[in-house]
Structures are given as structure tokens and as C-alpha cells.
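First chain written, first letter: the chains are A, B, C and D, and each begins at residue 1.
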Amino acid sequence: MLVYAGSASKYLGLKLSKILNIEYVNVETRKFPDGELYIRVDKEPLNEKALIVQSMYKTPNDYLVEYLFLSKTLKELGAKEVIGVIPYFPYARQDSRFKPGEVVSLQVVVDLLEKMGTDKVITVDMHLHRVHDLNEISKIPFVNLSVMEDIGKFFMKKFGNEDTIVVGPDEEAEQWAKKVAYILNVQYTILEKTRLGDLEVKIEKVEKEDFKNKNVILIDDIISTGGTIEAAVKKVKAQGAEKVFVGCAHAILAQTAEYRIFRAGVEELVASDSIPSPYSVVSIAPVIADYIKKFLL
Amino acid sequence: MLVYAGSASKYLGLKLSKILNIEYVNVETRKFPDGELYIRVDKEPLNEKALIVQSMYKTPNDYLVEYLFLSKTLKELGAKEVIGVIPYFPYARQDSRFKPGEVVSLQVVVDLLEKMGTDKVITVDMHLHRVHDLNEISKIPFVNLSVMEDIGKFFMKKFGNEDTIVVGPDEEAEQWAKKVAYILNVQYTILEKTRLGDLEVKIEKVEKEDFKNKNVILIDDIISTGGTIEAAVKKVKAQGAEKVFVGCAHAILAQTAEYRIFRAGVEELVASDSIPSPYSVVSIAPVIADYIKKFLL
Amino acid sequence: MLVYAGSASKYLGLKLSKILNIEYVNVETRKFPDGELYIRVDKEPLNEKALIVQSMYKTPNDYLVEYLFLSKTLKELGAKEVIGVIPYFPYARQDSRFKPGEVVSLQVVVDLLEKMGTDKVITVDMHLHRVHDLNEISKIPFVNLSVMEDIGKFFMKKFGNEDTIVVGPDEEAEQWAKKVAYILNVQYTILEKTRLGDLEVKIEKVEKEDFKNKNVILIDDIISTGGTIEAAVKKVKAQGAEKVFVGCAHAILAQTAEYRIFRAGVEELVASDSIPSPYSVVSIAPVIADYIKKFLL
Amino acid sequence: MLVYAGSASKYLGLKLSKILNIEYVNVETRKFPDGELYIRVDKEPLNEKALIVQSMYKTPNDYLVEYLFLSKTLKELGAKEVIGVIPYFPYARQDSRFKPGEVVSLQVVVDLLEKMGTDKVITVDMHLHRVHDLNEISKIPFVNLSVMEDIGKFFMKKFGNEDTIVVGPDEEAEQWAKKVAYILNVQYTILEKTRLGDLEVKIEKVEKEDFKNKNVILIDDIISTGGTIEAAVKKVKAQGAEKVFVGCAHAILAQTAEYRIFRAGVEELVASDSIPSPYSVVSIAPVIADYIKKFLL
């Protein structure tokens, strides 16, 4: 097996190649003055499995096109199997046609990967809504790993679990909150969210819970503009929470998200390195490497 | 037939719908704060031919992804045929594997269009090198129209043809120079170019020609960083040229191209609107509309 | 006098140097990989007047910093006088403190120019609101030229003035409409605008006018998102206007402006080259050169 | 004293306000569709000292203009003193006129701060070359703090100091290497660097040192494209170094820097939060807060 890393994830590719002890192949990518990409790999994957590592955040279209170019080419150059490692999988939100005439972007992206030679995709804590398993809409297998246990372990090691409760800001976050709570061996609960627009949400009252004197760990999969977390922090603080921590898999932190979160009074933000940021203190490399070791090597 | 225009070419789409007298369907495209696209069309193309107009310059990856999303979706929504109007076709340069391990981007882009439901592509003065006809490498038909006659007519109308010679800066430009010269009813010749790097070229001496007291119209398909034109202008001026004009189909004008060209002493730059710029004085809409009227309506 | 052009206006600088027959000095500007600018001029302006040509649109902060670096440096290197030619002058909108705590950006920009060695500023059709003359708030003289007569002449030459009326979309546009109407020798009128938000405006009914069978030339100084023009076009069309043309000094054309304007049914958009675009068919170079010839050479 | 944070450093501003227990004033900054900034502060600093926190990395011109707007305005609104906290100070490289006609950007930036009302500047590990103390060229006092001791403590706590040597990749880095070595209570040495271009450097042989079986901590102030660190890592590895760690104040990490560093075999990169990145594990807030507490409150 050979590791090829796209320009979004060169360092993650290096980490995987080290943990797995497999060869890292240099991929040269540069942009011409007219905005077009030039891509060349140092070694062809003839009769080898090829791992393409590329997280698709911030400039997802650029990273997607680079990925598709690589996938098609490695297949053509003889790769036995092309495996996409796409820790942050883009366009997950648009998984249905909510209004007539809408593009169901997730379906198109999934089809693009398959048509360009990818045989299998490994992703991490993908935000699924209406589609419950990507395998329902994809012809190639998708493996959705989770970094939440490692995030739980990080909290346990750094802060312990005294007087702690894990909170999901909405129903969809229950799956992540549960995993972290299990590792910490504490209770968890969820809040009720109503979305008021692109940037604002309302968090409803939580009758069954009282956060008095408790340390709250808010857990979500993605933090984009920070609106949900901001509202949730205010809610639990209003209900007596002592200290509030936040954990998430993917810290997009668009616009003023960072500021909104910390202004609301969060002590610490813990995220994975699927999207590099100052909060990337938990790596997704081990959980991905484990899967590959068990099932693909 | 319905016209759908991507965000690169809304105005061109409107022009085509007017000339052809066919319905223009509004396409809503916006970017979420995390960089992902949202796309929705006002009217579904059930049992209709759908024209997608999208030139792919400057941020070609963004425009390509938007196009692929639209193409796949319109096909899915019942379009009888999806016809891509892609006046500036990107990635034409990388049409072969020059070094081992290189991505042959042109082939991948052509495959992407086909796999995402496009049935036919109309482009304009595409820069073909080693591949002489895109139909050799594409499963769907490609029509390569030319705006060069209209550029010739523009020169004729504005400056006349007295003491004029048309010049192609290198062998590949002969095809364009010939067309313009024919319209102007004057001679043409070509220079010899050697590329010295990404940004610099050398134009060799032209023994057979003397430009003394002549007005030179330099014709090329694409002006990117302007290096070729700059060198050619200097050459013909050194050989006595009076006034130098430049005509091209696609004015990318990357980096300091504009400055290099005019600093070298060019009187006027005439380009098409495949890539909007202050030099887009000749429209590609008529030549495209003509073709559609004759063969597709 | 020597002409130095910043990276926003190299071509305009060349035009001015040609018309005025004064030396054009090459200015090298490049960006380091960390985003910082490197700037160097080929010739020092010892005991000469130095003209710095730099329009400040689209990325106004980058262009402003480049200008300030040049201005301070040319003064330091011995320029007798530093004259800023800033055809599109940025930050004109924020000319008062509407709410407590606001930055009055226009005042800061004006002060920056003066403190960095600029002795005089030439601008074109600057959008003044509460401040009626920049000289009220500036320690250095400001000359506000107008390209509106040249825009009027362009319309006259290309379309004539039969059954034509010039219309300003709001009260502030009266000054520009008047100039164009005078050149065309036709009537003008103004509409009443109410701003409903950043992007939407409402144009009130015009009781005194009836546009039946008339060709309307809408004139404004700046077109930014196109909301005002879109609303005005709809209004005059609803009141019977035949064909609608638009003329403006500065075509910013942010976001989907181009599309909004033409979708509303505009025949043609005519703008100056203060901001280069496909509509820059009238040059500001002659009016600036005239002024310089008369008063500064 | 009140804390105002620019859009580059909102989180750092919050940290400082917490440590110093002084009020944090909300600053609203947004961009209009035409690229211009709108800035408003929630509270005027009448008769108070105003701290403006703004690191100037990645898009230094945008951040500089925002800073200048704030500084001028806070002074105008009655601030007793305006103190700029600019952890990463831009344009430090261009501190002399190396070739005739060059802009000495550092001097211009320093002047801009002073002219726009700033009374004092606090920065961190500023990269000084020919100018040894900014106070030589500035009319307002500059305080250059160092985060190097905190970086030394971080290494000591996490990895200890067994068999460790601190290395500066060139002569200029001696000042930083010395501080870190002192905290770790180990030896330090420096290498000899020759710059071969914008992106490549050569590290000369180090005769006096042998790194056999030693852990090397490479220390520099800034990592930009990573060329220096890459060359230094290869050098010390070739001379027998066991593990190589890297510490720096400002991790710009332009282009492929991250990849170059880790590809060369670096175990871990430790940087401050002057420029937020996944390597910002040491905060500059304590050292800045200490100084303010002692001398400015």
C-alpha cells in the first residue's frame, strides 16, 4: 500500500504513513498563473493499493477537483484499489431535495468519487441527517469512523470527570455525546434547538436538567459559525453550569465562530486535526490507522 | 430548449437566450460560510433540451464543480439532452503525460463532463496541442467554434486593412492568424517561439518577413501572462513595424500581462467576452447562437 | 513630472504618460509568500513632480497600503510634489459618525494620504454625501473631476438622442444626470429611492413623469450590487419606457450586480475605466490629462 | 484600561482581558460587498487607556488598515493613550534600502502607527536585522517582548532535557537559541546559513559540533516557507542527531512549509499563538499581560 496526500492533508498523510509503516509517495501540486492545477506523483501505484488522503474543508471545490484528478490517474496507472481517506467530507448537509430544483450535492459528490475510480471511502464523524448511512446512496462502500472516543479520553486525561455532565446541543448530537459520556463514565443529556436562520439558533429550555455547579462538556460533530454552541453555552450557564468545555470532530470555525464561542464563556475548545486549527489537539490518525491495519492491509 | 447559466457566465446566458429567443431559467448559486455551494434552478427541464452556459476561467475548479452539479441535476430532473456551452475550456494545456506520474487533466475533465450527464459540449477556439480533435479522447461530441472571423471583422471595421499584415507569434497560432487574414484580405506570417520558462519566451528572427512601415495585427488564441505577446511585439517593432495591434479569443491576463503588453507598445487589445475584461469588445454569443440555431434547435 | 503606477492602474498610468508625453517609471510590486508587499521604483523623482496613479477598488486595503508606501517613499526620495491620481476613491460612504463608536473611514483615509507625503489628490466623480467638498475635511487639496460629459458624448455618438430622457435614480444622482442631459441636449428627471437594506431598495412612483415610448438613460456615479439600478429599471419600464440604457462612472459590480441589471432588461451598460470591466468603454484618462496639462505641468 | 481586539486577534484580546481583569469592548468589523471595512466599537474610551490587539499575519494589509482605522478613532474619541499590541509585526524584513528605489516598508509602517495616534507598541520576538532596536527609527516607544522562555519551559515540561542541545539555524537565531537553552539548562550552538533564493537555503557544515545521539531543538523566530528549517534538519540529522524538535515564535507556514518540515523528519513543532495554527501550544498572553501589569496599569 502507498500513501498519496493531497494539498489539504500532507501532514496527515505523513502521520498515517509513519503509524502504518507504509511508503509515503511525494505528490507535487502547483497552480499555474491562470488558476489551473498541475499534479504529478513520484511513484506509480502499479498493482498496489493507493491511499489518497485529502480532507475537504475551507476551499472544498479545489480540494475535490484535486482529489478527482488523483483518483482517476492512480487508477489508470495501475492501482489495484483506490481508497479515499476524506476525514472532513464536504456537502453532507445537502443530502435531499428540500425545494424543487435543488442540487442534491452530497449525491453528486458521492457519484463523482465512484466514477473517477475510487473503490472505497474512509471518513470521520460525517454529519448525516436524512440519509442514515452513506451506503444507501453510494455504489462504493463508505466507512464512517469516529474520533469521539479519543476526544473523550483527552478530556478525561486533562480535566478528569468530577461533577461533569456531557451535553449535546440538539437531538442529532446525541450520538456523539453518548460516546464521550461513556468514555468519561458520566451522564449525558441533550438540548432542544430551533434554527432561526443561517447564523442564529434558539436553544429551548431543558426542564429535566439542572446544571448547577456542574462542569459541562458540550459535544457536537461540526462547529461552523458557532451559533449553536454560543446559544448552548448561554443556556447551560443560565441554568447554573460552572465551567463549560466544548469538544467537536470538525472545527470549521467560519467567520467569527472562535470569538462567539469564547466570548460566551467557554474554557477550552477541543477538536480533531481533520481541519487543522489551534484546537486540533486530538489526532484522527490513530483511529484511521487502526481501521486500515485491521481491514485493508 | 432552456438556458441555465452558471455564476461565471450569467450575462452570456442572457445574451444567448435573447438571440435564440428561448427561455432563460434563473439559477440561484450561493456559497455557505464554509465554502460549499448551494445551487437551485427555478424551473425543471422535463423533456426539454438544457443549455448550461459556464466559461471556466480564473477559478476553474469552482466553476467546474458548479457545472458538474448542474449537469448531473438537470439530467436527473428529466432533461432530454444536456448541452454544455463552455466558451473557455480549462485544462487544455495538460493533454498528455509529459513526465511519468503526471495527471492528464484534460482527459479527466472531459470524462467528468460525460459521467455527470453532459451529452454534448460547445466550446470556442480551444487551445489544442497534441490532441488535434477532442473527439479523439471524448465519448461525447465536442464542437470547437471560432470567434476569429468576428475578430477579423472588428479590426476591418475599426481600423481598415491598409498596409496591414497579420502575424501569429508561433506555429500553433497559424490557424487563427489565417482566419483573421482571410477576413481582412491581407497576408499573414508566423514567428518562431522558444519557451524559456513559465513566464519568459524567446521569439526568433523572421528572415522571410520585413515589417517596415506595416501595421501588424498579432493574433493568438489565449493571452495568459503576456510573455509571448510581449516578445512578439518587440520582435516586429525591431523589424520596423509601425503600429501593433493584438487580437485574441481568450484574454486571461494573469499577473501583470496587461502591463507587459501595453508597455511593449501595443495600440489596442481586442478580445472576446469568453472571459470578461475591458477588452471584451467582440462577443462569442452570435457564433454560438448560429451553431445552435442550425444544428440543435 | 514622472508617472508611477500602482498595481491597480498600470494601464491607466501608461495612457496618462502617453497623452501627457511624460516619462513612465516602472514600479515593481510583488507579494512575498507571507502576504507582504515588496515595492521598488526604477527611477527616483529627485526635484520632479511625481504622479502616483492608483484606483482603489475591489481590494481597497491592499491598494491603499501600496499607495501609502509609494507616496512616503517618493517624497523621501526627493519628489518636489507628490500628486495622487485616485480615480475611484474608496471609503467615501463612511463620511460621518452615524452611530456612536463608528470609524469615520473617509476622514482617516484622507489623513493617511496627507501624513504619508501626498500634496494633492485628483479623483473622479467621487460619491460625496454629507461632506459636500472634500476640502472641508482635508488639509491637502482635492480635485474632483467628472467623466460624465464624456459618458454623455459616448451615448450621443452611439445612440443619438431621439425620444430620450436622462434619469437619476435618486436625489443624489441629479448632479450626474444633469451633466449627461446637457451634453445630449435632452430633459432629465429624478426618482425617489428608499433603502430597505444592504442589498434592496424601493423606488417610489414618479408622478410628474411618464416614460411612454421614451428611451431612458439611467445615470448614477457608482453601481455596486446593482440594487438601485435594478429597481429603477423596473420602475421606468412599468411606466412605459421603451429601451433602457445605463451609464455610470464607477462600475464596481459586486456580487450578482451584472446579472441583476441585464436581467431587468437593460440594453447596454456604459462605464469608465476607473474600475476595469467589460463596460469600461469611456476612458477617464483625457479628463485627468486635461486637468494636469492646464494646472500642474 | 479597555481592550479592543481587531479581527485578527479577537481570542487573544479575550485572553488578555481575562488575565488582566480589564474590560473587553466588543468591536464590530464587517466587509461591505465592495471590499471596504465597516468598524464600530461598543464603548468609547474617554479618558481611558485603550489597548488595541491585532496581530498582522497572512493578510497584513487588511489587518494594518483595520488597526489604523481603530487607532485614529479611539484617540479621537478621547483615549488617554492608545497602546498597540501587535504580536506579529509585519514588514520587519524590509528595514533598509538594499537597492535604489526600494520602499523601506518597516519605516513606513512605524510612521503610520505614530501618525494615526498610537502612543506605544508592544510586540513579540520581532525579527530585527539591520535595525537593532526599533526605537532607533520610531518616534513612539516599542517594547519587544519574548515568548522564548515560555517555549523553553514547554519543551522542558513535555520532553525534559536529557541529551539535548539547542541549535539556531543561523547567526541571527543565536539570541533565541540562547534563551531556550538557558531555561533547559543545556548547551546551544548555531549553524551557518547561505540563502540561495526566495525558497531555498544552504546550511554549511558545523565543524565544532557533533550531534551524535543527541536530541536537537532547533529554534528560530519565524518559520515562513520552511526552507531554513528543512535544511537545518537535514544537516543535523546527517551529523547524527537522534530526534529533532522545532520551536518558533511565529509560525507563518506559507505554502508547503508544514510538509517540508515534517517530511524532513521533525518530531514536533512548537509555536506561540501570535499566529494561530495547530502548533500554537504556547500562549503569548502571559508575557504580554505581565508587562502590562508591571508598567502600564
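Quick notes on this structure:
The rule is simple: a residue touches a chain if its C-beta (ideal position, glycine included) is under 8 Å from a C-beta of that chain, and two chains touch if they have at least 3 such contacts.
These figures come from a predicted structure and were not determined experimentally.
Across B-C and A-B, it is A-B that has more C-beta pairs touching.
In summary, the pair chain C and chain D forms a contact in which both copies contribute largely the same residue numbers, shared numbers making up over half of all those used.
Note on chain placement: the centre of chain B and the centre of chain D lie 46 Å apart, centres being C-alpha means. Mean C-alpha position of chain A lies 39 Å from that of chain B.
The distance from the centre of chain B to the centre of chain C, with each centre set as the mean of the Cα atoms, comes to 30 Å.
Annotation for chain C: no residues touch 2 or more other chains.
Going by the touch rule set out above, the chain pairs that meet are A-B, A-D, B-C, C-D.
Of all the residues in chain C, the ones that touch chain B in their complex are 7, 10-11, 14, 24, 26, 256, 258-259, 262-263, 273, 276-278, 280. Remark: chain B residues 32-44, 57-62, 64-66, 68-70, 72-73, 77, 90-91, 93-94, 99-105, 108, 111-112, 115-116, 198-199, 224-225, 252, 254-255 touch chain A in the complex.
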